[in-house]
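Pasting the structures here.
What follows is a pair of complexes built around chain A, which joins chain B in one and chain C in the other.
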Partner chain A sequence: MRMLKRPGFIASIVLILIYLVIGIAGQEGHLLSIIGNAMDTMMYIGWALALAVIMSYAGYVSFGHAVFVGIGAWMTAVTIESIMPSHPFTISMFIVALLLGAGVAALVAYAVGWVVLRLRGAYFAIATIGLDYVVLYLAIYTLSRAGISPPLLFRNLSLTVQSFYWMHFTVFVITLLVVYYIKASRFGFGLAAIREDEEAAEVMGVDTFKYKLMAFTLSALIAGMWGVPLAFRHAKFDPQDVFSLLNSVIMIVENTVGGLGTFLGPIVGAYIYYGLYWSLLTKIAQASFVVLGPLIVIIIALVPEGLVGWLREKFPRLRKALE
Partner chain B sequence: MAGEILRGENLVKRFGGLVAVNEVSFEVKKGEIFGIIGPNGAGKTTLFNMISGVYKPDEGRIIYEGRDITNLKPHERARLGIARTHQVVKPFPGLTVLENIAVGALFGPRYGKISEDEALEIAREVASFVGLGDKIELPAAALNVQEKKRLELARALAAEPRLLLLDEVLAGLTPAEIDSMLGLLKKVRDEKGVTIMMVEHVMHAVMNIAERIMVLHFGRKIAEGPPEEIANNPDVIAVYLGDPSLALKFVKRRGGAS
Partner chain C sequence: MAEYMLEVENLESGYGETQVLFGVSLKVERGTITALLGANGMGKSTTLWTIMGVIPAWGGRVIFKGVDITKLPTHERVSMGMALVPEGRRLWPELTVEENLYLATFVPRARERLRENLELVYSLFPRLRERRHQKAGTLSGGEQQMLAIARGLMLNPDLLMLDEPSLGLAPKLVQDIAKVLKRLNEEEGLTILLVEQNVHISLQIADYAYVIEAGRIRLHGPAKELAEKPEVKKAYLGL
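Let's turn to the complex of A and B:
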């Protein structure tokens, strides 16, 4: 299995070990602030890799991908409020939410993808924005029917920061391994062929429609999982927040800044995005997005192929290492 | 029918009011090199698109290895062993030469039977077979036209096809490049037993390599037979001389212009 000796896999293992150490060391009270940053970065990497499967590998930009994170958060609320109400928190609650969130997100993506993946390019992107708004208002409507005006707060959970951390970590490990496998397998080859030239891919034997549908479904499944630790951490389901178009844009920015078509690109992009966001937030607070927006435009204008893509082009010898 | 690999029966393809291919029937024997020639707009590429499944014929049937494949999708036909190259080359520009060829190996008739590592190994062999052995780590976008044509051929060959459709692989090549490409194609047929169908504008090259030639004109088949017969066929001569620009092009090619 040469797959396990390749840079992308090694990078995944290194990342997993680093976050494992942070999690264990973070039991100490004075490291709590790092724990917060670590959870944020895991989540942003997770979002980036989720979208990467359809956007960066298959070349189809999903502009409303936050819809699947939102579905994951919604299903967490359903788990806590309907399936396991007045339960104290147990691991099984997290697992049920994870299965439900990932499963429903994947089902929705499969059904929608079956229709819209017959459209090429921009139509697909627009269709996913539409989907995001449909599900957002469906969630608000469902809550109001139950007599709740959003956000829905989870009142009876008393969880420690450490438990949020391990939730993030669990989803993080699954994401890295699944996405790396997708990228390095025959499936990944097929997706790359579709991204580069869909007609040629089909003529060469790639079942393009099935592959696109599988990629979109898996991409949604991973995004759906990420809604679960998010909802637990904030102890609420706030539709306007989780379905926000801004979240979709963040995922796209991470992929673009990092570099399309590589495994490491979205990860690097997530760190760049979060680094900028965090340093601006701590300095100029509310104004941060005013500066962040133009900064991202400048970065993309300077290195349109993304940082990892630029390095691969500039230093051909690094191509293999920067897979 | 013994020895037959592909048969087209009364194939018709219309685009709006234009009949691109009009009731064309033909039969290709196993292991032969079958040439298709005709002026621009004769329907040659449309015919290829119907065989590879990119277009569905409006009428008629396509029988491959005794099986009706008229309603199969392109990827299903590829897995049955039909591979093609494109007139306008379609490499995967961002992938390396090696990865491009590996896609051919992974998704051809051996789909599901070989690993990614094996596919890369096959790609390495095929790359040196077509003379791209020293370019395997380059992105396909960095190749010149001649190399891209070789890459198209390599990708198709890596699939181990039983029927290879070549759409103007010789166009745009210098006479020396044409000779080496012809040598390569002969090797493919003789050593690997692949049946080759080739659409060509470079007349003398097809005459040189094909055992039988079909001539299309405005979507209709006007002649079929061995090269020497085709060269002396009055209808064919009329078609080519009737088109001064093409006749001129033909003369130029012979004169050695690239």
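Let's turn to the complex of A and C:
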């Protein structure tokens, strides 16, 4: 099991342990704000790793990837309000939402990918933006047919911050392990071959269409899972919020800033993005995006290969550690 | 068992609006080396990419081991035993020699004989064994070409197609590569389709040869006879 001795896997385990400790220590009331930051960072890493599977590993940018987070949130609403409308909160409710959110997101990605992944280049990126808007308006339409004007506020489930935290943590652990496995497997290598040179990959016997379709489906599945803790935490399903193009852009920024093609890149990118966002938000509140946007443009202009990519180039000795 | 490993009938294809092949027909007999010769831009590489299915055929047929594969996706052709060593090698420069060889085995038929084939390519190219932990990108041009051929062999092919393996190599290395191809053909019974600008070396090792010009086959015949034809001598051998 060479895979388990590699830096990416070790980094995953370290991250999992850190967040486990934060979760246990966070039972204390005065640590609540750290719990909030910890949940945010887990979510941003999760988003980044979800998109990484298709964008960073296979080289296909999905511009509307928030659509899958949104589908996850929507399915959480369906679970709470329609499937288990009179149940108090139980673990099984979370599991049903998770299976439904991830499953529907994966199905949608599979169907859309089956059509657009036959085409190369920009078609795919454009198609995913279109998909985001289609599902957004479908969600708004569905809610209004049920006589609800969005957002849909969930009934009171009497959940604590700790339960939100463990929901995030569960999805976080699944994401790290699944994405690391994808990256380190022969499948992941096939994706890298597609990213580097798709024609050469074909000639080497890679079923490029199937690989891309699997990557997109898995990428959507993970993004779909992340819609679930998000919806529980906010106790609502707000289509304009979860399907927002901004969320898609955040995922792309995290991957680009961190560096494409590595496992650690999107994780580092998520911390950088969140660090900037949080420090600006606490100082200048709503103006933060005005500053954040140009700041990210500058970072990408300075290190176009991303931070992890840049470190790998500058310090070849670190290459093995920064997989 | 079909007599021919590969039969290409009236193949037409191109890029976008531009037609490059205007009805190419050729046959590769089992256990032989067949050469497809021609100057730059005549459609040699396009013929190979269309045979591999990376570029779709606009017309005509490709028959491999007696089966019409014209509509088959590339990876299935690889699964059936076709391998292409593309021009410019297209290796994974960041990976070591051995990783390039190991990881090229995406199809089951390649994984079945992984160990045997690794031994085979190391015995064919002892240089690669010496440098197996070195990054592919740091190899010399000749070594990279060896690695590209070796990676093609890791696919465990029945038909190995090579696109300009002599390109940019010193004459001594060209001879080495030619010897290896001849050895593979004679000792392993491998069928080879060799695409080359270097007519001299190709006619030296090939059994049969085709000459392509502007997307059409202009001449063909046993390599020895072709080498004697005045027009071949004049146009391609510089005699």
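Rule of thumb we're sticking to: the second predicted complex is superposed on the first by the 323 of 323 C-alpha atoms of A that agree within 3 Å, B and C clash if a C-alpha of one lies under 4 Å from a C-alpha of the other, contacts with A are read in each partner's own complex, and residues count from 1 in each chain.
One rule holds for everything that comes next: contacts are C-beta pairs under 8 Å (C-beta built on N, C-alpha and C of every residue); 3 or more make two chains touch, one makes a residue touch a chain.
Only a predicted model underlies this, so the values are computations on that prediction, with no experimental measurement involved.
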| item | value |
| --- | --- |
| Side-by-side fit of chain B and chain C on chain A, or clash | clash |
| Which of chain B and chain C A:D197 touches, first, second, both or neither | both |
| Which superposed partner A:R145 touches (first chain B, second chain C, both, neither) | neither |
| First (chain B), second (chain C), both or neither touched by A:F189 | both |
| Contacts of A:G205 with chain B and chain C, given as first, second, both or neither | both |
| Partner chain(s) touched by A:R155 [first = chain B, second = chain C, both, neither] | neither |
| Most chain A residues touched (candidates chain B, chain C) | B |
| Touching partner for A:H30 - first (chain B), second (chain C), both, neither | neither |
| Shared chain A contacts, counted only where both chain B and chain C touch the same residue | 186, 189-190, 193, 196-197, 199-200, 202-208 |
| Chain B contact footprint on chain A (complex, rising order) | 2-3, 184-186, 189-190, 192-193, 195-197, 199-208, 261, 316, 319 |
| Residue ranges of chain B touching chain A (in the complex, touch as defined) | 52-54, 73-75, 78-79, 83-84, 86, 90-96, 99, 102-104, 106-108, 111, 116-117, 119, 137, 155-156, 159 |
| In the complex with chain C, residue positions of chain A that touch it | 186, 189-190, 193, 196-197, 199-200, 202-209 |
| Parts of chain C lying in touch with chain A, wherever the complex brings them together | 49, 52, 54, 73-75, 78-79, 83-84, 86, 90, 92, 103-107, 110, 151, 155 |
